[in-house]
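The structure follows.
Which chain is which? They are A, B, C, D, E and F, in the order written, and residues in each are numbered from 1.
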Amino acid sequence: MAGYFSNIQETVTSIFEGMSITFSHFVRRPYTVQYPDRIPIPIQDTLPFRYRGILEVDLEICTGCLACERACPIDCIVIEAKKDKQTKAMMLNRFDIDIAKCMYCGLCSEPCPTGSIHHTSQFEGADYSLESMLRRFVKTPVAAYKPSKGPETDPEIVPFLDRGLRYLDDFAKPGGSSEPGEADAS
Amino acid sequence: MKDLVLSLIAEGGALAGVPFSLAAPLVMVAFGALVVFGFVLPIAGITSWLERRVWARIQSRIGPNRVGPQGFLQWLADGLKNLLKEDIIPSAADKWLFSLAPYLVVVGFIATFAAVPFTSSLIIADLNIGILYITAVTGIVVVGVLMAGWSSNNKWSLLGGIRSAAQIVSYEIPAGLSVFPIVLLTGTLSMQGIIRAQGWAPWDWFFFYNPFTFAAFFVFFVAALAEGNRTPFDIPEAESELVAGFCTEYSGMRYLLFFLEEWGNLYVIGAIVTTLFLGGWQVPAFTDNPMLLAVAQFGTFFLKAYFFVFVAMWVRATLPRVRVDQLMTVCWKYMVPIAIVNMLGTAAWMLFVPETLGRLVQFGMTGLGAVVVVVFFRRVRFHLRRANLKPSDYYYSPII
Amino acid sequence: MSLGGFDVQVLRENGFATEEMTLNMGPQHPSTHGVLRFVVRADGEVMTEAVPDVGYLHRSIEKIAEKVGYHGFMPYTDRVDYVAAMPCNQGWAMVCEKLAGIEVPRRAEYCRVIACEFNRISSHLIAVGTMGMDIGAFTPFTHALREREHINDLLEELCGARLTFNYMRIGGVAWDLPPDFAEKGLAYIDRFEPLIDEYNALISFNKIYKERLINVAVITGEEAINYNLVGPNLRGSGVDFDVRRDIPYSIYPELQFDVPVGHGEEGTLGDCFDRYMVRIREIQESCKIIRQCLQQIPEGSVLAKIPRKFKPPVGDAYVRIESARGDMGWYCVSDGSEYPYRVKVRTGSFTATSIIEQVSRGLMIADLITVVASFDLVAPEIDR
Amino acid sequence: MSLLNTMPEFMVTTKVDEMLNWTRKSSLWYMLFGLACCAIEMMQTGGPRSDLDRFGAVPRATPRQSDLMIVAGTLTLKMALRTKVLYEQMPDPKYVISMGSCSNCGGLFQLAYSVCDGVDKVIPVDVYVPGCPPRPEALTEGLLKLQEKMMQEKWLVRSTGESRPALA
Amino acid sequence: MASFDTARGDPKMYFNFGNVLVFLVLGLGLAGMMLGLGRLLRPANPLAQKLATYECGELPTGHAWINFNIRFYLIALVFLIFDVELAFMYPVIVVFRDAVLAGHGIAAFAKILLFVGVLAIGLVVVWAKGDLEWVKRLPVEAESDVREAA
Amino acid sequence: MDTAAIYSKLKERFGDAVLALESEDAGDPAIRIQPRAIVEVAAWLHAEADTAFDCLTNQSGVDYPDRNEVEVVYHLFSYSLRHTCVLKVGVPRDNPSMPTVDPVWKTANWMEREVFDLVGVVFEGHPDLRRILLPEDWVGHPLRKDFVEPTEYHGISTKRESML
């Protein structure tokens, strides 16, 4: 009999407590971020630097070393790089990334010597067909970047390289060396 | 209603010269259609939108806010969309029963509105058996739901339908028994009669009349929630168990009709509770203007009734659902005995408690109610403080 | 009983013939947590049998390991248990390190533990949230999701992804902690802890909720061990065992934390409520661990020197770690080449699913949902 | 008896069509169809931060009441057959969002022996959302993309060429 | 105080019930209209697969029309007894107030007690017999008996 | 108790049924058992007070085509004594069949089903030996090294043309 009434009492008090908690939410600010239009700054700008969004390649500083292609476990990067017989320069004929297949793991950008291939904070890429998700970065064959011996001076490349090296610096270095990954280029 | 017809066909009325036998059905249908399309449908729709907003707010979300201002037209979009959806009748189903079930559900729900009062003079049909009529008519919904569950020839639907039947049928008993104290006090079953027996002040409501009616209110409200398949008793459509319960196989408009019944029924529950326990449309006689008084009465009744709609939403956002056997235990082992005690207690109260003491108890109960409200808000404040909110985490406006 | 077949068994009760119903619960069902199927035979609302049918998410991760190599397999470990991917990362890293005998820098171990414990909280939040949702309370679930978003933000800052982290590497971690991570993490933990009380008041101690969980699917400690239940499911049955404490790895021996064990506080020991409460308490313990780690973390490098072509010596190793779903075993056979010869992941959900047939006999259909939720099953962990 | 695809194209009918499309896109009920990792992100999308409910999209458990199937996660061969059944049990008009790499084209599980490489091998897909898994905002963007597509549809108006609604 | 005025032949009553009838028809009309309007605008594309019974993606095993467990109907029986009892009580309840006012309240109360007593005894009996247990756990030996018999 | 001690005890008790102690490779040492003797050894290890292996934590099958052998590996753990042990059993590849340990550890039921499904070892006396992860109509055991992926399954091709 005591159990009977304590059951009623427990039910009433626990429901009362629960109702007071839910009521308190009427004066709490909703947590919703009103993507896409009703937000002060785009979501992309609020994402952390390390965010692994859609891959991007800065062809200006791509050395054509194929490290990313080799690192990708699922072969969603295809690069065609050939030595031009006349100019002796490495020419990039093709640099394709299939972002529909990509798993955004970041393994490709880790071995990149210059930070050319990197994840951006861009995540919007929804489309009506899969073909549109094939990112072809090389429109016309371009010469691969050749790291200069000293510090880079070309003003057109410096900003890219700065960004790229900053990106690389974020990765942990084996043994904790803080040197940029130039050593891995070979 | 009849007076309205008589005044319309009287000299100078809009229908002057039309015989009563013709005018009466005309006015009835016109007025009925006005109520159904002008009140019932929007109320059901808006309730669905509001429920999603209230729910969302409790869950730290916003809820529908893109369709129309503040998402207000969401219910219209939902309704029209379902109108355009393909209507599937599974090949294994019993086609006739499958098609008939939504009709029954809608009829059962629309018919209750005939006896729901709006103001002291405005009620479609002030039946002398009003409250009995409403309990009877809601029974049609059970048949519809059971029919839907059985005819779908789907196991989830079947389970949902049978659960629903057992549940509604069981909760009919405590709901019916909880009406008795009020009928004892008023000596009438008429909705208007019950309201007239109360006053505008809280201590004149039957809610605070004595401890037994106070308890009867809760029993009735909980039983009504169960009859309306609302959380914590939403086991017939228990989404996480039975997929969508009895309406698993229903698509498009047919599904929407069940949906409509559920939201619309909420208002009916609120209206009945208001009528029985909360003094209905009673307002202080502040003016002689009948129009103004009618508006005030309508507003009062509507707000009171809608408060319970809100409470039902709020409960839904708070509580988990019970299991089938627990549902039955709650009904038969807790609510039915309590309801019986309430009824006997009220009868004894009428016999043995002198009027002055009864009056004092009314004030006392009202005070008790006020204390409960105060304690409640202190708890709310406690939870807010415990959550360590920054000043910017508070947001009081309902609009976002 | 044949799985697809329909055999009617007539039960006689009071002389009336009633038929059994064969119900397919799943693969698409709101509360089978992904794609899990139960073939339920029910007499009315009471189940006479619920046979789990798994494999709807068998993604052959173990075979892929033999194709992608040691480094390349790391992202796949995220997908073994996507709700708690960090411990899987750690398991794989640890089994490789054990094979090759690699010493991991201490700072990396701290990073790993911080990440794993944050992930454990977010995983348990999903577990207790879906428990609420399956029982019909949607609000606690969304509140759990909201707190998860905060943790996701932190982990995103740490490793750039919200769910499939790929944070750890053989020999360490891929990224050091961001500069202000410690402050942010501590601030969040401070804010989060009182919310657990609120959560408990809202749902855990709700009478209806308790009634749904208490005395449902009682598993004794012996049964749990025999069926190889692990983690919170095992501790819910009163077995005081936690890999972090009893088979110490990483820096756990240096940290102060309790191992919550169910003790039948309401009803019988080993029921759904015990399993549930163990998770709630583990969230609190994880908060404690994170706080200690963030305060004690030493300076240093976070990645040992590992050759790009990683070739561990011939042999096989088995590593056990405490994932959010409990003791997770990683078995790796190396033949000395660049590719693992065989990888086997022993997961908690797999063994937990195997006991469902045993414990669900005679329960009601609604209870099956509770049982599934109380085991915190994650479909790919069963199927891999 | 149906008025669909019978009207000539002029001012009123296109306006009506637009309105019908508006209601349809404003009330996209999606089926709970979480398969794998993406299911968690789909839950988060319905959760407090992203709140798909803002656009009128609510989850439904049964295909009968859903307009949209969000295929969230890896589709195994074992599941592919069931997915087809479920898709076909949805009432017209129905839409499919393929969420994440696995359901787009098999993604990282193209190497697996038991995975169906892409949900489009089994059912038609309207919008592909890249990501592994796509973050909630990306799924929201996919939903908005789908809404854009829905607004272009013609229902009342007699349409030439490929029209989506397959009418009996 | 409005009393229970069931004056025979009160035209207002017929009028009121006429109104109720109108509402019943309106309900039917509303549902019919919505479904009819939808028929003009909705696609219809019935395929065999689409019309198959939904069972979580599996093909249904057997149909759902089976002899359901007897427990479900027992509740209905108990309900019937109680509901009839309730219906009988309405007349007494309604005139109770008048009886109290007229001074023979005790007698009326005794009658109510009698009715409720019968109801309560019924409840106690049902409770004691265990028929309120919505589902008794299946007796395990009964199951094995059947297996042996079969 | 470490593996060597367990090995010597086992050797003492079972003699030739216990083949060898393998501890020269990297990783964990293991005890190799005759397939036919596995149930007795398992039951003994489970029952004996100073071994008390009450839990089979992991059971996996590994295919070795060059040895023409499928190896079943048992990882045992004792909750009461907190020690571990690894048992290895090799069965011939063309006729991989061995007794089940389901009576000793219930968890072996599903684990053996998995080994059967993926590697193809038939466990005699298993109560319910069917495929567990793969569909019933699947052909082959995929974790065998010579497994060839089917090109089609119920009309769904399993290959996808790369867009690249």
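As a convention for this text, a contact is a pair of C-beta atoms (placed from the backbone, for glycine too) under 8 Å apart; a residue touches a chain by one contact, two chains touch by 3 or more.
Fair warning: this is a prediction, and the values are worked out from it, not measured in the lab.
With centres defined by CA atoms alone, the chain at the far end from chain D is F. Using CA-based centroids throughout, the chain positioned farthest away from chain B is F. Averaged Cα coordinates give chain A a centre that lies 41 Å from the centre of chain F.
Per-chain CA centroids place chain B at a distance of 17 Å from chain E. Distance between chain centres (mean CA atoms), chain B to chain C: 43 Å. Multi-chain contact residues of chain A, defined as those touching 2 or more other chains: 7, 15, 17-18, 21-22, 30-32, 34, 73-74, 98, 100, 103-105, 130. In chain B, the residues touching two or more other chains are 56, 58-62, 82, 84-88, 155-156, 239-240, 243, 248-249, 252, 317-319, 324-325, 383, 387.
Each of the following residues of chain D touches two or more other chains: 20, 47-49, 51, 54, 61-64, 78, 82, 86, 89, 91-93, 105-106, 108, 110-111, 113-114, 118, 132, 135, 155. Interface note: chains touch in the pairs A-B, A-C, A-D, A-F, B-C, B-D, B-E, C-D, C-E, C-F, D-E, D-F.
On the chain C side of its complex with chain B, the touching residues are 21, 23, 29-31, 45, 132-139, 142-143, 146, 190-191, 194-195, 197-198, 201-203, 206, 208-209, 211-212, 364-367, 369. Taken together, the chain C residues at the contact with chain F in this complex read 3, 54-55, 58, 60, 62-63, 98-101, 223, 225-228, 239, 241, 246-247, 312-318, 320, 327, 329, 331, 333-334, 341-342, 344, 346, 350-351, 353-355, 358, 383-384. The touching residues of chain F, counted against chain C in their complex, run 25-28, 30, 54-58, 60, 62-63, 73, 75, 79, 82, 86, 105-107, 109-110, 114, 118, 131-136, 142-143. Listing the residues of chain D that touch chain E in their complex gives 1-4, 20, 62-64, 82-83, 85-86, 88-93, 155, 165-168. Across the complex, chain B is touched by residues 7-8, 15-32, 34 of chain A.
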